[in-house]
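One chain, chain A, appears in both complexes that follow, with chain B as partner in the first and chain C in the second.
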Partner chain A sequence: MKFETPATTNPIDQLKVVGQPLDRVDGPLKTTGKAPYAYEQHEAAPNPAYGYVVGAAIGKGRISSMDLGQAKAAPGVLAIITAENAGKLDKGDHNTAKLLGGPEIQHYHQAIAVVVAETFEQARSAAQLVRVKYEAAKGSFDLASVKDSGKKPKEGFGGPPETAVGDFDKAFAAAPVQLDATYTTPDQSHAMIEPHATIAAWEGDKLTIWTSNQMVGWGVGDMAKTLGIQKENVRLISPFIGGGFGGKLFLRADALLAALGARAVKRPVKIALQRALMINNTTHRPATIQRIRLGATKDGQLSAIAHESWSGDLPGGEPETAVSQTRLLYAGANRLTAMRLAELDLPEGNAMRAPGEAPGMMALEIAVDEMAEKLGMDPVEFRILNDTQVDPEKPERPFSQRRLIECLRTGAEKFGWDKRNAKPGQTREGRWLMGMGVAAALRNNLVMKSAARVKLDKSGHITVETDMTDIGTGSYTVIAQTAAETLGVSLDKVTVRLGDSTFPVSCGSGGQWGGNSSSSGVYAACMKLRAAITLKTGLSATEAIFADGKVSAGGRSVSLAEAAGDKGLEVEDTMEYGDLDKKFQQSTFGAHYVEVAVDSFTGETRVRRMLAVCAAGRILNPKTARSQVIGAMTMGVGAALMEELKVDKKRGFFVNHDLASYEVPVHADIPHQEVIFLDETDPISSPLKAKGVGELGICGVGAAVANAIYNATGVRVRDYPITLDKLIDQLPAVA
Partner chain B sequence: MKPFTYERAESPAAAAGAAMRHPGAKFVAGGTNLLDLMKLEIEEPMHLIDVNGLQLDKIEPTPEGGLRIGALVRNTDLAADERVRRDYGVLSRALVAGASGQLRNMATTAGNLLQRTRCPYFYDTNQPCNKRLPGSGCSAVDGASRQLAIIGVSEACIATHPSDMAVALRVLDASVETILPDGTTRTIPIADFHRLPGDTPHLETVLQPGELITAVTLPKPLGGTHIYHKVRDRASYAFALVSIAAVIQRDGSGRVAVGGVAHKPWRVEAAEAELPRGAKAVTERLLADAKPTKDNAFKVKLVERVLGAVLAEAKGA
Partner chain C sequence: MAAAAMRSDVHAQTETAPAAVNPVTAPSLAKVSLKVNGKACDLELDTRTTLLDALREHLHLTGSKKGCDQGQCGACTVMVNGRRINSCLTLAVMQQGSEVTTIEGLGTPENMHPMQEAFVKCDGYQCGYCTSGQICSAVAVLGEIKEGIPSHVTEDLMKPPSWDSSEIRERMSGNLCRCGAYSNIMEAITQVAGGRA
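The block that comes next holds the complex of A and B.
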């Protein structure tokens, strides 16, 4: 099916199943421990050997010698794989650095060996006996000091590296009210609870990996490319994923080393990447330095907007596209955006939940708050005044839906924004300084080609198969809802099978496109099944009504079981997209409201209340969508207040590489959270009229917290995270 | 983890004796710190002596009117003890400010005193660390040191002691009772129990080889207002940037010990004389010789401000 014109009325609009706040269909499996995660595929791959990864001990340089003698002689050791004995290895299209390093070391904790042994403990113990000598080389580890060497990156996911409209310099110079400020965001880690983990097994020249991966198709392709084998010889199975946040979009060392280990020892090998390695061995969200200049008329119309962002990555890497949202969020005739990418020898940067917008909005939405204050305007009203219904860089492109104003207004009313004192540092509750902050949220809605297979068996049961993944988002559930709605059956008549590369290729889970795009693929397949059913039963395809497990037309009714017959029916289809996303700008919108209390003595910030109002098309399942948004809001609080990979600029690595020292919010940090979804459909997006929502929830949260801290204390912090040391010098003196 | 042998000790004296017979042996009780460190091969004991069966798990009154806390009393039980909550509130509050419910259920009184630093370089076996590998150097001095010590530091080590409980014990002037391998016992004032790093940061306490902690005793109650104020980047489950244990009397006199700033709970009795003159005056004496890094210089100011909060709370109470 090709989606080329806006959706009209279709079976999804019945909303008997879709749009309902249903429990996750995979919930009981997960709460009873019966959902097998990658490392737990005991039945699928019995009698595995265990791999333990050795990570490089330097940030950049070469291995001068490696002595495996003692380790090989250790009890239980079956094999040790290094770059020297692994055979020829290529590099995956989605990898920047090699997954098995040596002799050249590209970053700290780059895998340089895997020790395979009979037990995990033996592998771990022997790994400590691998003796490595290095020649360290001088590397670049400090973004601030190499920023000016940054080059214009090539065009990637985040659009062109530079854009310009009108004459920014002239308009900015002429603007009666100006803001010119620089903001920084630190390197951050996905810190998902399930580590990267894989069991690999070979049967002849065919490889099967049970792994934890968001993008089955990418994983198959990059495994095949890295090993130099045919894609058809790689099967990737990833039915359950314990969190990914972008950290599991790619083939990583656990999967490659398990495959190499299994080939060497001729039996299955399982590897869970050690927690201490995860942060430096895998990808992270890169740090940014962002300069924002805004020019406005005295009555608050933005006339000039410039956003420049610097980030770093290993040679061949990509920028953090932190200027993306600034191209779209506010009106203004004269505009400039630019990204620069410097070479750094830190571990490779890549996507983390809302790449680009998450750190970009952290800066932009403070800048907007600062500008509103300079203008003496309420920050909600300032945003509303500068709203646009068209792409400001290409005014011929309208937004498919844009209800940012309604998000802001609804939020202001529900949150009690009118109780905020616009003058900072005025509201006290005992020793606490109280403040409220607001930020807009924008995250683009991407649509991706996605295929599915749908089977109807003789009992009338539906089975959906697609290589889509569920990273905790609720994919199983919204796909089941889509199939049940389209085919007129109850949810318990649908089984969804995901995460297997033998299933049709889906869009995968990333960029908040997963829910809408994968369900649209399932919709296409279900519509094809409807056609097959009417053809087989001789019922009129145009009149047929699918409801209550039956298809009816012209006064005749046939149960789906009967229609299936003994052989059943099976169809496959792919949802593809025309150019609606070129003609229209598709984005999701929101408004975040936050109240904080800052301890006037210690500068500790505690979030008191949070509200997100989201306009993100049809919400396929308000319960799973809400979970996504509150999870993203929680992550936004982490980004605002505590998350920072600390760079050792001399030795070249992220020092706080465990969950004790890389702090993410705990329950005590997170207060009452409320989420409101505007009642919306977007027929430009897909037949489901839905959009993404899982990343929208984090966009802007950090800035809303920062703006609330400013409102509470009068201290403007432009460097995240906003830890107490950045506040205490400017808080009221203590007796 | 290196292979090790294991035994269950029958008595405190037998445990201490066994430790002498097995060089490099370690006692294990709750295991909340030791087992993690063994998995990372930061601790590599050849022999473990399990002391959990030694029945050192009672809290009893002392003839002097204090409390004797068995070495194996779990942190959860100690924090919840009615006498501790009534007479030594600062201790109860310090305990519940630390770790998590699960960890406190396992962690023991003696083990809490003996936990190792959380300096990230101590945990990364690729990096030099004088505490982990004496003589190898200190990576933290010119590395990431925001969490680390500001006072009592040496060129060899700027690690902090991570315990909350120990800070409260220091303000209460507790004593540590031990038994030595020869069967003799001794009592060590908490002030003398932990060492400053100097040139030997791998030596963290004054315990002799094989010496086993059997109890911690608290002198008779001090009265006053008991406060434990812990400051950290997240609201729970984090080590202190700075913590203050304080017992403040109605007349404004009192005692103050600081955590998160040194290799041991930091207390300067002379500084307490400044209490009536406020937080700034006390802090100036308390941290007179502070040598912070660029990363953790804020802790000097933070101590003053946390102490300000403590004194304000005491006044209000």
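The block that comes next holds the complex of A and C.
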């Protein structure tokens, strides 16, 4: 099916199942410990050997010698794989650094060996006996010091490296009110709770991997390419994924090393990356330095907007596209955005939840707050005044839907924004300084080609198969809802099977496109099944009504079980898109409101209340969508207050590489969270009229927290995270 | 950090690093008997096997999760003799004769524990990987409050701890949820607590 013109009325609009706040269909499995994750395949892959990964102890350089003697002689050791004995390996299209390093070391904790042994304990013990000599090379590890060597990156996922409209310099110079400020965001880690984990098993030249991966198709392709084998010989199974956030978009060392290990020892090998290895071994969200200049008239109309961002990555890597939202969020005739990418020898930078917008809005939405204050305007009203209904860089492109103003107004009313004292540092509650902050949210809506197979059996039961993944997003559930709605059956008549490369290729989970795009692929397949059913039953396709497990037309009614017959019916289809995303700018919008209390003695910030108002098209399941948003808000609080990978600038690695020292929000940090979805459909996005929502929730949250802290204390911090040391010496006198 | 580095942050040591490793010896095996979810289990294990790996790799009870293997995330939380512990931080042989309750022992998809039901109803999870630990902790937390065991935020040690959200949040803070389901988890626990308190 091709989606080329805006959706009209279709079976999804019945909203009998879609749009309902249903419990997750995989809930009973997940809450009873019965959902099998990658490392938990005792039946499918019995008698595995265990792999333990050895990571490089330098940030850059070479291995000059490696002594495996003692390790090989250790009890239970079956094999040790290194670059020297692994055979010829290529590098995956989605990897920047090699997954098995040596002799050249590209980054700290790059895998250089895997020890395979009979038991986990033996593999772990033997891994300690691998002796390596290095020749360390001088590396580049400090973004601030190499920033000016940054080059214009090539055009990538986040659009062109530079854009310009009008004459920014002239307009900025002429603007009666100006802001010129620089903000920094640190390196951050996905820190999903399930480590990257894989079991690999070979049968002849065919490889099966049970692995934790968001993008089944990419994983198959990159495994095949890395090993130099045919894609057809790789099967990737990823039924449950214990969190990804972008960190499991790619083939990683656990998968490759398990495959190499299993080939060497001729039996299944299982590997989970050790927690303390994960942060430097895998990818992270790169740090940014962002300069924002805003020029406005005295009445608050933005006339000049510039956003420049610097980030770093390994050679061949990509920038953090932190200027993306600034191209779209506010009106203003004279504009400029630019990204520069410097070479760093830190571990590989890559996508983490809302790449680009998440750190970009952490900066932009403080700048907007600062500008509103300079103008003496309420920050909500300032944003509303500068709203735009067209792409400000290409005014001929309207937004498909843009209800940012309604998000802001609804939020202000529900949150009690009128009780905020615009003058900072004025509101006290005992020892606590109280403040409120607001930020806008924008995240683009991407639509991706996605395929599915749908089967109807003789009992009237529907089975959907697609290689889509559920990383906690609710894919199992919204796909089941889509099939049930389209075919007129109840949810318990649908089984959804995901995460297997033998199923039709889906869009995968990334960029908040998964829910809408994969469900649209399932919708396409279900519509094809409807056609097959009417053809087989001789009912009029145009009149047929699918409801209550039956198809009816012209006074005749046939149950789906009967229509299926003994052989059943099976169809496959792909949803593909025309150019509606070119003609229209498709984005999702929101407003975040946050109240904080800052300890007037210690500078410790506690988040008291949070509200997000979201306009993100049709919400396929308000329960799971709400969870996506509160989860993203939680990660946004982490980004605002605590998350920072500390760089050892001399030795070149992230120092706090575990869950004790890389702090993420815990229960005690997060209050009750409110989410409001505006009642919306976007027929330009997809037949489901839905959009993405999983990343919208994090966009702007950090700035809303920062702005609330400013409102509470009068201290403007432009370097995240806002830890108490950045506040304490500037807090108002206590007594 | 240093302790963590010794344990699982294996990076290859340079030859100039102090040789802290013992000579290679065959593993010591030991017999251990546990009562897991009411069922007697006799195992012969490498003495280095954690309770978590005994459950997951030897008894194939994979509901208890390995998130960090170093006591930082809480995904491996189980109850041993009625108290919750991080099962990655105890060796199986240290638990000779213990009664262990895992997520599988609380309920099944067909017959769920009230806390499991509340998690489903309140959507107190997303990816599901921290969930077993959250639920085991939640069940234990309500027990701890009921028994009058104070926490860091209990204001008056001479009075029974309250059932309010700050007590529960504090006690649950050893269970990380990176999907950020905290607000929903609190709702689930509060619902169950409301039914019991």
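The rule we apply is simple: the second predicted complex is superposed on the first by the 733 of 735 C-alpha atoms of A that agree within 3 Å, B and C clash if a C-alpha of one lies under 4 Å from a C-alpha of the other, contacts with A are read in each partner's own complex, and residues count from 1 in each chain.
Here, a contact is a pair of C-beta atoms (placed from the backbone, for glycine too) under 8 Å apart; a residue touches a chain by one contact, two chains touch by 3 or more.
Bear in mind that the values here come from a model prediction, so they are computed numbers and not experimental data.
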Figure out whether A:Val647 sits in contact with chain B (first) or chain C (second), or with both, or with neither. first
Could you tell me if A:His672 is touching chain B, chain C, both of them or neither one (first, second, both, neither)? second
Return first, second, both or neither, reflecting whether A:Phe3 touches chain B, chain C, both chains, or no partner chain. neither
Is A:Val734 touching the first partner chain B, the second partner chain C, both, or neither of them? first
Where does A:Gly472 make contact in the superposed view: on chain B (first), on chain C (second), on both, or on neither? second
In the overlaid three-chain picture, which partner chain does A:Tyr720 touch, first (chain B) or second (chain C), both, or neither? neither
Of chain B and chain C, which one touches more of chain A's residues? C
Regarding the shared-chain residue A:Gln128, is it in contact with chain B (first), chain C (second), both, or neither? both
Determine, under the contact definition given at the top, whether A:Arg606 touches first (chain B), second (chain C), both, or neither. first
Between chain B (first) and chain C (second), which does A:Phe172 come into contact with in this model arrangement: first, second, both, or neither? neither
Go through chain A and flag every residue that touches chain B in one model and chain C in the other. 55, 57, 121, 124-125, 128, 276, 655-658, 660-661, 664-668
Please output the residues of chain B touching chain A within their complex, sorted ascending. 1-3, 39-41, 118, 120-121, 123-127, 139, 142-144, 146-147, 231-239, 241, 278-280, 298, 301-302, 304-306, 308-309, 311-312
Report the residues of chain A in contact with chain B in the complex, numbered from low to high. 55, 57-58, 121, 124-125, 128, 276, 431, 599, 601-604, 606, 641-642, 646-648, 650-651, 655-658, 660-661, 663-669, 721, 723-725, 728-729, 731, 734-735
Quick check: in the complex, which residue numbers of chain C touch chain A? 1, 4-5, 7-15, 21, 24-27, 46, 48-49, 53, 56-57, 60-70, 72-73, 75, 102-104, 106-109, 112, 116, 119-121, 123, 125-132, 135, 165-166, 168-170, 172-186
Which of the residues in chain A end up touching chain C in this complex? 23-24, 26-37, 39-40, 42, 52-57, 66, 70, 73-76, 108-109, 112-113, 119-122, 124-125, 127-134, 190-195, 240-245, 272, 274-277, 471-474, 623-624, 626-628, 630-635, 655-661, 664-668, 670-673
